[in-house]
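These are the structures, in structure tokens.
Shared between the two complexes below is chain A, which pairs with chain B and chain C, respectively.
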Partner chain A sequence: MAVFVDLNICHTTDKKRLQNIIETAAHLGYSTVAVNHVVELQGKKQEIGKPKCVTELFDQFPIVQGKSKPIKVLNRLTVVASEASHFRPTNEFKSYDIIAVFPKTEKLFHAACMSFDVDIICIAVAEKQPFFFKRPPVNGAIDRGVFFEISYVAAIKDSTMRRYTISNALSLMETCKGKNVIVSSGAETALELRGPYDIANLGLLFGLSEGDAKAAVSANCRAVILHGETRKTALGIIHTMKKIQPTAERQEEEEGPVSKRAKTETGGV
Partner chain B sequence: MDEPASYERLVFKNASVYHYMKIHLILDNKVVKLNAAQFKQLIVNALKELYGEIGAAFPFDVLKYEESTLTAILRVYNSGLVKLWSALTLLGSCSGEPCAVRVAQVSPYLLALSGNSRELELD
Partner chain C sequence: MVRYKTRYLLCELCVSDQSSLQLLDDRAVFTAVREAVSRAHGDYGAALCSLAFAVKYLNAHTGVVFLRCRKSHYKIFWSALPFITSLESRGQKVPCFFNCLHIGGTIRTCQKFLIRYNSQQLNRMLRYCHNEAERLEVRRAVLSCSLKSLEKEEEEEQYGDEDEEWGEVE
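Entry: the complex of A and B
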């Protein structure tokens, strides 16, 4: 059974508001959320900084509706890149669970699809797409298991941005045919979040088929998380330390069988 | 003499022409009061913003509306379900205040809305 994931919740320094968003997400039925830290790389040596430890956020994580399990919170970094020199993987990237890049130019989009070591490529939703999606880089990204992200929060806020969101999404779907797409919120307040089934329905508006639209909030997001895990480790070699703990907890942490995992996990090997 | 007992087997495919939705309107500001007419107007405006005049003209009904909890049950033809749902999803403000519509249940049969297995309290 696929669980619902929202991979883009804006990080705010306001702890109370962040807690409120995560509580709402758990109530709506999201099993995993990622807190997004946006960095615009301009200077040559800019500090990215370590993410805030998510365990500090809650004493006890809110329970996901209908799952009776606490919600999982990940850290995500989005690098806004307008020049090729901006994107330089550093050690600090390793402390994030998911890395996303927001390419501003066509050249960078090509590089992001073909060579950058990232999990997500963001698609502009608040402005007109400055370039066309060409088939070779998009196909390259699909082969490498990199996903494209459309965030829907702009569509809720403003009607002009809604137009841009839908038109950019449609032009992406024309090229990628609904493969490797995730839809995420980008919410800054709890009222900007929508339920997973609402988003699956909204995906139909973006030109996804019914199955793809549901995968965009569940199965594809899982593939992104697994892709992020393989990037953090040495291309999929995962070394874990076993601690003595009660059997009940250990069973929960076990992943599904290898055959059931998404293809992308082994894509880099 | 009594007629022998007979049975008939009928199989319907997509028997219902309607879909029913149970929705909650969530508002930041608790002071705002909406009556049923204003509530419907809000949804019509949301449809109009996303689909234009033609989209706003397709038929749907508010069957039941509770003013205290801002809960409503809507009925819509199958063909208009995706339109109505997406318009509700993208509804972001209600008379200037930020708001959200939470779709609790969607079903082709009204009977199904009477119960909800997700919120079932067992103890």
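Entry: the complex of A and C
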């Protein structure tokens, strides 16, 4: 059984509802979820709030279906940008685990694919895509390891939105051929989530092949998380962290698989 | 010795309020699925629905549903299931969603999976018990079903698998 990830759960101030969504996600078999904070950038200087600490959400995180580990919750920031000058990476970005951008114009889409330091590029699902996906920026994004995200919640809610979602997804698949795509929920209530296998099958409607569709909810999402982790480290090779106790001899290893781990252990700063 | 090959979709109905499951019946599930398929796949989907599609089993306590359809286009059915947001029965709308647990070629394989899945659920429940009496109850249930499966396995070893083809023969 693969490890399933849902990288888009809408943040609500209603703590009870957020808990309910995460519990349902654990029941459905998602091992990791990301709580999404959406920020629309208007002016050049705009405050981006610090994310709420996810560890405060539960005393005891719910156990994932079919596994013995509790569910992992990450923070994600989605920047809705309509002008290139508005997107400036600040220090506040660093407190988020994953950063996504939702480009409104073709120019911005090009910039997001080629140069922005982001993990995910969101695709419009609630309206007709205002521009075509061109081969060079999409290929550039695939080379850089940036992923495209399709959110399925609009398709579930409404019939018109479903048409937009499917047509936008199909037009993206024509260009990227099913590579570097993730499918996520964007759920605001618990009943808008769907099981990972259902989503893998739903990917067939979006023009993904069977293998790509399954990777879109598991392997590709893992790549996104690791891509987000490298932002906090120096090129993903060296990671520095504060020692909490100077007397502690062994430093706690950061989470992640051994193969992606740096070979040289660096001491505390 | 030719039979129509079918696929059985073992689904779980997830609702926010467990008591609303009691309202459901086969008919409600059948119409909801048929509508969803014909909405998602048009007349072609509607035509497929009149061909060998049936709700075989519905457990109103746990919300488990068996759906039957032809093997050749079970994916068309499956891809329409996520678009169901509510079921209508007895004049009431029950918001819910389908979570597909297993897909099998015979009812027998689905049943085996379901037994294993339900015993897993018991183990999960153990964590959420609040007092000692509840915990004892769940523990007894876990033990009883594991003993039963042991007995069953022994039985199967003795008699062998005779009725492998338990699925519908037409």
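The working rule: the second predicted complex is superposed on the first by the 236 of 269 C-alpha atoms of A that agree within 3 Å, B and C clash if a C-alpha of one lies under 4 Å from a C-alpha of the other, contacts with A are read in each partner's own complex, and residues count from 1 in each chain.
To be clear about the criterion, contacts are C-beta pairs under 8 Å (C-beta built on N, C-alpha and C of every residue); 3 or more make two chains touch, one makes a residue touch a chain.
Predicted model only: the values in this text are computed from it and were never measured.
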Worksheet item: So if we stack both complexes on chain A, do chain B and chain C clash, or do they fit?
Response: clash
Discussion item. Under the stated touch criterion, which partner chain does A:97 make contact with: chain B (first), chain C (second), both, or neither?
Written reply: neither
Fill in: Touched partner set for A:6, first chain B, second chain C, both or neither
neither
Worksheet item: Counting only touches as set out at the top, which of chain B and chain C does A:198 meet: first, second, both, neither?
Response: both
Item to complete: Answer with first, second, both or neither: which of chain B and chain C does A:156 touch in the superposed model?
Response: both
Discussion item. Contact-wise, after the overlay, does A:119 reach chain B, chain C, both or neither (first, second, both, neither)?
Written reply: neither
Worksheet item: In the superposed arrangement, which partner chain does A:212 touch: chain B (first), chain C (second), both, or neither?
Response: neither
Worksheet entry | Which of chain B and chain C A:188 touches, first, second, both or neither | neither
Discussion item. On chain A, which stretch or stretches are contacted by chain B in one complex as well as by chain C in the other?
Written reply: 28, 65-66, 152, 155-157, 159, 162, 191-195, 197-199, 201-202, 204-205
Worksheet item: Hey, which residues of chain A end up touching chain B in the complex?
Response: 28, 65-66, 152, 155-157, 159, 162, 189, 191-195, 197-199, 201-202, 204-205
Response to the item:
The answer for chain B against chain A in the complex is residues 26, 28, 49-50, 82, 85-86, 88-92, 98-100, 102-103, 106, 118
Worksheet item: Hey, which residues of chain C end up touching chain A in the complex?
Response: 14-16, 39-40, 75, 78-79, 81-83, 85, 95-101, 120, 124, 127
Worksheet entry | chain A - residues contacting chain C, complex | 20, 24, 27-28, 63, 65-66, 152, 155-157, 159, 162, 190-195, 197-199, 201-202, 204-205
